[in-house]
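Paired with subunit B in one complex and with subunit C in the other, subunit A is shared by the two complexes that follow.
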Partner chain A sequence: MKVTLHVWRQESSEAEGRFETYAANDVSPDMSFLELLDVVNEGLIESDVEPIAFEHDCREGICGSCGVVIDGSPHGPHEGTATCQLHMRSFADGDELWIEPWRARSFPIKKDLVVDRGALDRIIEAGGYISINTGAAPDANAIPIPKDDVDAALDAATCIGCGACVAVCPNASAMLFTSAKVAHLNMLPQGQPERWSRVARMVEQMEAEGFGNCTNHGACQIACPKEISIDFIAWLNRDYLRAQRKVG
Partner chain B sequence: MKLDARIPDGPLTEKWERHRFEMKLVNPANKRKHRVIVVGTGLAGGSAAATMGELGYEVDAFFFHDSSRRAHSIAAQGGINAAKNYQHDGDSVFRLFYDTIKGGDFRSREANVYRLAEVSNEIIDQAVAQGVPFAREYGGLLDNRSFGGAQVSRTFYARGQTGQQLLLGVYQALERQVQAGRVRTHSMHEMLDVIVVDGRARGIVTRNLDNGEIRSWTADAVVLGTGGYSNVFYLSTNAMKCNVTAAWRAHRRGAGFANPCFTQIHPTAIPESDEYQSKLTLMSESLRNDGRIWVPKKKGDQRSPDEIPEAERDYFLERMYPAFGNLVPRDLASRRAKEMCDSGHGVGPTRRGVYLDFTDPIERLGRDAIEERYGNLFQIYERITDENPYRLPMRIYPAPHYTMGGLWVDYNLMSTLPGLHVIGEANFSDHGANRLGASALMQGLADGYFVLPLTIGDYIARHEFGDIPDDHPDVRRTEDEVRDRVAKLVGLDGSRTVDSIHRELGRLLWEKCGMSRNAGGLKEALDRIPELREEFWNNAKVVGSDRDINEGLEKAGRVADFFDLGELMCRDALAREESCGGHLREEHQTPEGEAQRDDERFTHVTVWEYTGPDSEAREHRESLSFTEVAPSQRSYK
Partner chain C sequence: MKQIASFYSTTVGKKIAMAATGIVLVAYVVGHMLGNLKIFQGPEKLNSYAEFLREVGAPVLGHGEFLWIARIVLLAAVAIHIVASAQLTLQSRAARPVGYRNTPHQEFSYASRTMRWGGVIISLFVVYHILHFTSGTVHGDFIPNDPYHNLVVGFQSWPVALAYIGAVVMLGFHLYHGVWSMTQTLGVNNARIERMRRPAALVLAVAVVIGYVVVPVSILAGWVT
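Moving on to the complex of A and B:
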């Protein structure tokens, strides 16, 4: 099949960006979307043009490195799919596709389709952990945890930190990301001692990074390649309110 | 090069405890005066950096991703072993030790493996306390499953994403130390060399992948947790950025490389669909519990599998191994599948695949039961191949997956380059010639949380460390060498892409130095690799500058090191005139076609010393002795 790509090119964070158009004429429907970019890049290298910069690594939807906006949708048209798991058979012969980086003030563009997502790490640094030193742990079976509770915590913990939730949100909010980590730890008995300070500090950091707030648009849970539910945002808001009373 | 494994005296079961007592300690108030560099933040590097931060050392952690959470440990699916015996099925530290030694086909060190089994239990405690949501029973206690043919249920898991959940635990512990100011993290930094001063590893040179800045960092000790080298084969289940450069640069500075030819080939990956394929995706081995593997009896049969009648199918594993059938170990399943394809019976568009058929179990147990067991795997398969495995058999093919070989380390996890410590998949230590399922996560975390942070203290306590000024001649010289090399790489202006040459190297190694090798093929590869290296340096092409993000340049540096490593792998495979673990040297097999070890001549670790760019590596041997488990010959007939 053949597709035409309009790809966002931008030399650096300071430079002006623009769309460049590339034709891909020998596309196999079994290729992944990133393999299509590989092929386009091989062609660019052969003709002495600098290849398109994009993030990627595991190519099986778990490392959270990849992610581009395809025709306005982060990670493309399918739900529950990271860009690396999207195959060209999802598109039609002759399609024209518009490829852009995540766009959010808190994710400055570094080059082409690569953005700086360091803000997400800093939200975790603010309190997204349980303070336990190596070697100090009690026996793993000392605290029984109901299966449903641990399954719910795991639903939240599946977040891969790709940033699609921010990219799709009209407010560029990182609430889905932050709530997933808060819920993962605050739902578990091990997370209780730091529960209130954790949620307060992480929300404070999220705001300091310039992310917007949640207005219950709900686009994030549709863009999320791990299908994390916005129920966790409600959970975060409730814990945050309670924390305000406790932490004062 | 002198190989002293420094295994503590005393009975096996007391060695680690005795060693912990005999090691020198660093005064708690003095720890902050010692800086340690950690390269890589996967399970091994990340846990080591966090734990040393907790202990009070000044830690600098370097990684080439944008976040430390993206290391390839994240992709591990199956689980992590521990000798908890929560299932009361007869497991013990000794049994886990025994299974690991046997699984490694008697090519690993008893003392290391025993320690690994001992600390396995603490890993589970640690992970649970951090909030790792392992699967649980309805009673609220931890669930276990039997994995990779183990006779006991000792594997802890979190759905199909155990690696991710364990790595998030490590990442959280690391970020906590960042917040506490004890660990400094350096994202987008790739290590390109080790700085050696007075015979000791005292720092590294990095390239900042965002802006190209090359600079030196000094410390009292250096730790590499930089993973394995399966990507030497081009196509593997490893992430795209996995490489050997950090380990290889250390090797060139004096760290011996052990058993490079010991690589693991996993039998159940999804086959490549076309030449654009960039990596392979693993399907859990558990599929072989119910699926039946077959190929058409007729060579080159083009019919759809549902049109091939029962009588024209060859269930080759069931035919060759009536007792074990489709559940033979990884290496046998992989080798037989490749042989079938090489002899013309392969299926699928590239003819490199065999069928894994669920028709019988679906008829026997019902579709619901199969969906309950394998639903998510069937979904992954369908997403990638666009074929419905409930209706048509899956196609699978073996894929490089893990490397047991790596930098040689002693009991303290220190390489032959003093001060340079190596942990996790990057070292050679615990898996011998073959790794058991669910043991990679265990080893990475054992090294990082429980072994290295203690043994490195002994090294630091026993030496004096003066400050190294930035303009020290060894620092300047190493940095200059890195600059020259980067300049050479960015100046490559031939006509071929780096990937196209890498693909050629990968195919060669897969055919000549994969799961089945012979002297003739290895010699051929040893002739061909220098030609490919020539081709690379004369005809590869890198576009763009060395002053900003340039993935082509990064890739070129990594592939350049793969040529040298590939050559050493072939040399190592040629020297090992026996079959062991996952490797068949075709000249050494039993009349039934089984791998045949030669314990008399090869009960040793082969360690290669770098002797310069134009001379062959020198071979050294660490002989292994088995006092607790007597070597035996396996049989699956």
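Moving on to the complex of A and C:
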């Protein structure tokens, strides 16, 4: 199959960006979207053009690095998949696709489709961890946890931090990410000692990073490759409210 | 005070302020609607209800004082609601200085997309509505203390009735997303209530639209004269 790609090219964060058009004439429907970019890049290298910079690592939907916006949809048209899990069979022969980086003030573009998602790391640094003294690994079943709590916490923990929620949100809000990262710890017994300071500090860091604010459209839960529900955002709001009383 | 200020300074705090003032405004919208429906009981009932609102609270409150307290509370709620939403909107705009060539396809409901401009339209309408039925400034044949007459004469003009119906429908959309959003912002996370939030918001919005629209429609149709 053949596809035409309009790809956002931008030399550096300071440079002006623009769309460049590339034709891919020999595309197998079994290729992943990233493989398509690899093939296009091979062609570019042969003709002495700087290849398209895009981020990728695991190529199996677990690292969260490969996010690009394809025709307006983060990670492309399917629900519950990352860009690396998207295959060309999802498109039709002759399609014209517009490929853009995540767009948010808090995600400065480094090059072409690569953005700096350090803002999400700083939210984690603000409290998305549990402080423990390491030693022998504790017995996995030493702390009984109700099944519903475990299930909910694990649903939140599937977040791979790709930033698609921010990318799709009309407000460029990071509430889905932050809520998942707060909830997967705050829902479990191990997260309790630092619960209130965690939620307060992570929300404050999210604010400081300059993300927009949630207006409950729900676009993020559709774009999320892990299908994380905005119920966690309600949960975060509640925990944040309660934290005001606890930590003052 | 300092604690409230630092809480309000966060976007989550501002949204909670919007949700809290939203509750006050929804309660008012429902109360106002129930009052309006007294028109179907005839002029005496409606006018004496209006008189009751001026007298309620006596002897602790003087004539009309309850109404003024209510007005001040509502005005404060509206002011906080609008200021917070304006601040949040500006922050969100700033969070995406460069937009997408193709706006994301993900569907937003009509109600959620029109919250901001819908809110502006509703507040402009409320100003007109007060000038029309409360002060009588833009009412051609206003008789103070005779709401029944003012209502019937006012809505016999179909452009006036249509503008009213349009604003109420806009209000319905605002309530549908707003009431659901409110539960989200206040973190209603009880599993049993959880699934009822959308349907409950829909029922409330539809009930409010019908409850308000039935008045001008009945007057235009000549059922209430």
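Just so it is clear, the second predicted complex is superposed on the first by the 243 of 248 C-alpha atoms of A that agree within 3 Å, B and C clash if a C-alpha of one lies under 4 Å from a C-alpha of the other, contacts with A are read in each partner's own complex, and residues count from 1 in each chain.
In the analysis below, a residue touches a chain if its C-beta (ideal position, glycine included) is under 8 Å from a C-beta of that chain, and two chains touch if they have at least 3 such contacts.
Model, not experiment: these values are computed from the prediction.
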Applying the document's definition of touch, where does A:Ile124 land relative to subunit B and subunit C: first, second, both, or neither? first
More subunit A residues in contact [subunit B versus subunit C]: B
Quick one: is A:Pro74 in contact with subunit B, with subunit C, with both, or with neither? Answer first, second, both or neither. second
Name the contact category of A:Met1: first (subunit B only), second (subunit C only), both, or neither. neither
Please report the subunit A residues shared by its interface with subunit B and its interface with subunit C. none
Interfacial residue positions of subunit A with respect to subunit B in the complex: 11-12, 28-32, 34-35, 38-39, 42, 44-46, 48-51, 53, 55-60, 62-65, 81, 85, 87, 89, 110-111, 114, 116-118, 120-121, 124-141, 144-147, 150-151, 153-154, 157-158, 160-161, 184-185, 188, 190-191
In the complex, go through subunit A and note every residue touching subunit C. 19, 69, 71-74, 77, 98, 100, 103-106, 167-168, 170-173, 203-204, 207, 210-219, 222-223, 230-231, 233-241, 244, 248
Complex contacts: residues of subunit C adjacent to subunit A: 3, 7, 10-12, 14-16, 88, 91-109, 112-113, 115, 177, 180-181, 183-189, 194
Any idea which subunit B residues touch subunit A in the complex? 47, 50-51, 54, 65-70, 72, 74-75, 84, 86, 122, 124-131, 133-142, 158-159, 161, 163-165, 168, 171-173, 175-176, 178-179, 187, 210, 239-241, 273-274, 276-279, 281, 383-386, 449-450, 453, 495, 497, 499-500, 541, 543-544, 548-552
